[in-house]
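You will see chain A twice below: alongside chain B first, and alongside chain C after that.
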Partner chain A sequence: MKSVFYLLNTAPYGSEKAFGALNAAAVSLNGMNVTLGLYGDGVYLAAADQDSTNLRMPNLSDILYSYGELRVLVHEPSLIERGLFDKTLIETIELVDEEDFLKEMENLDSVILF
Partner chain B sequence: MQEEYDVFLLTKPPSNPRSELCLKLVTRSGNARIYLAGDGVYHLLSGILELPGYTVYACQEDLKARAINVREKVIIPDNFYSVLVEDMMEHCKRAYTF
Partner chain C sequence: MPGNPNEIKLVNNAMSNATRRKMMNFLLAGDKSTEEIGGEVGKTMLDFHLKLLQQASLIEIEEGTVRLSEYGKNFLKEKEEKGADKTADISQAKPIEITEVRQLLPCIADSSKFRVIANIAPPLGGTLKVLEPLFPRGKYSGKINALIIQKGEIITTVYGTGKVTMTMIKNEDEAKESLKNLKNTINEAITKGVAPAPREKVRVEPMELYKYLPQTNCGKCGEQSCYTFAIKLMGEEVTLDKCASLKEPSYITNFEHLQVLSAYI
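Let's look at the complex of A and B:
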């Protein structure tokens, strides 16, 4: 089975990239081994309790919750740098350090950046 | 004589180079009001409130979407953009948007 690593390094809601990455990852689940890596500003997507009703935009954390089989890696140094380490995060994510994050990227068949 | 100040609208996250430039101008201004909207609200997680000398406003809808629940030392009006426009029209020496 082929494997793919989607990398997101843009904050959610401020642009469409996070929404696009989530949809691409979800579609790929059907027949591929999929990992979504949150790096840099992409780690903001890991915050729990998002509520985008008033923005009339899809709630991106709901999408993450609805695809429990999607493996989501969060780059820990980026999280700490952005003051998110003591915030409540979505339970299904995996916090990994720099070395493990890079290893994951190297081990999968392809890396797609958003 | 009405008080006047510099008004900044910041919509970029902390790591963006535009944020860096904006905060340099804010520090130089000495009498500023910063309006955080869009990804700009992430600045509330990165210590913007610790810096002295200006007032910070944030957009409620953008805070909720991004699950940011910082409430101290920041003003969160019910009608963010009306307050911003009035400030720009009535009390503004200079307006900047980043």
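Let's look at the complex of A and C:
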């Protein structure tokens, strides 16, 4: 089975990139081994209790919850830099060190950057 | 004592690494020499890890002996107390309500079906674990603090934070119906206030079911082979009475065996 790593390093809601990455990851679940990596500002996507009602955008954390089988890796140093380390995060994510994050990226067939 | 944002950042940074967390837990047992710590967690980058912990004032190093600082001890104690919240006590739990059914997203395996996300309040937290035996095909995952329940095709995941997701839903009405059933089952247990007795874990495999089937591949049940029938039996897509041969007197013991086994599916 082909494996793909979607790398998101843009904050959600400001643009459609996070939404796009999530959708791409969700459709690839059927037939590919998918990992979504959150890096840099992308880690904001891992925060729990997102509310996008006033933005008139779909709630992205709901998409993460709905596709619970999607493997989501969160770059821990990025999370710490943004002061999110002690905040409540979505349960389905995995926190990884810099080293493991890179290892995962290298091990998969292709990396797609959003 | 860390208090300002920069110092908190140092602490977070120090505790963000698995090796350093292991070191802190190791030190809980008492003062250790650097060699002892190296033996426990590995010698790679040991000095670096120690330095980061020391900078965050979590530990004190004196002539090769490492000990937890007062702050470090309190820090670990606080963490422990936070974790203790998760212990389950069903008599403290309040009946739940479904507050919201939110998003319908297409399923991956079958695009004619939907995935639903809903909220329940108040969140069940650690109580979820004791609710596991309520559901014949329920499984509690401690890692994500969620209860995963399979019923027919539908997989429902209830998270400790109050989120509920369901897959393979036909329409919104079916979602509401399933959620109502879920709510009633959970509330019934909560009203009783007694944790259901843990279920005996028996893992049934399709091969085991197949062993007791006639293995004639007669096709009367509409399946290609007895093994296919066994797999569908596992998925609760067929029932035992579909198999005509099992009703024959020579298969009576097999039928009984299968009835017992299918109770554990």
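The criterion applied here is as follows: the second predicted complex is superposed on the first by the 114 of 114 C-alpha atoms of A that agree within 3 Å, B and C clash if a C-alpha of one lies under 4 Å from a C-alpha of the other, contacts with A are read in each partner's own complex, and residues count from 1 in each chain.
In this text, a residue touches a chain if its C-beta (ideal position, glycine included) is under 8 Å from a C-beta of that chain, and two chains touch if they have at least 3 such contacts.
Owing to the predicted nature of the structure, the values given are computational and were not obtained by experimental measurement.
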item: Fit or clash between chain C and chain B when superposed on chain A; value: fit
item: Partner chain(s) touched by A:Tyr44 [first = chain B, second = chain C, both, neither]; value: first
item: Which of chain B and chain C A:Arg82 touches, first, second, both or neither; value: first
item: Contacts of A:Gly14 with chain B and chain C, given as first, second, both or neither; value: first
item: First, second, both or neither for A:Leu55, with chain B first and chain C second; value: first
item: Which of chain B and chain C A:Val27 touches, first, second, both or neither; value: second
item: From chain A, separation angle of chain B and chain C (C-alpha centres, steps of 10 degrees); value: 120
item: Shortest span in Å between Cα atoms of chain B and of chain C, once chain A is used as the common reference; value: 7
item: Residues on chain A lying within both footprints (that of chain B and that of chain C); value: 48, 59, 83, 88
item: Chain A-facing residues of chain C, complex; value: 5, 9, 12-13, 16-18, 102-103, 105, 108-109, 115-117, 144-146, 157, 159-161, 163, 165, 167
item: Complex interface listing, chain B residues touching chain A; value: 11-15, 38-39, 42, 45-47, 60-62, 64-69
item: Interfacial residue positions of chain A with respect to chain C in the complex; value: 26-27, 29-30, 48, 58-59, 62-63, 65-68, 76-77, 79-80, 83, 85-86, 88, 91-92, 97
item: Parts of chain A lying in touch with chain B, wherever the complex brings them together; value: 11-14, 40-41, 44, 47-55, 57, 59, 61, 82-84, 87-88
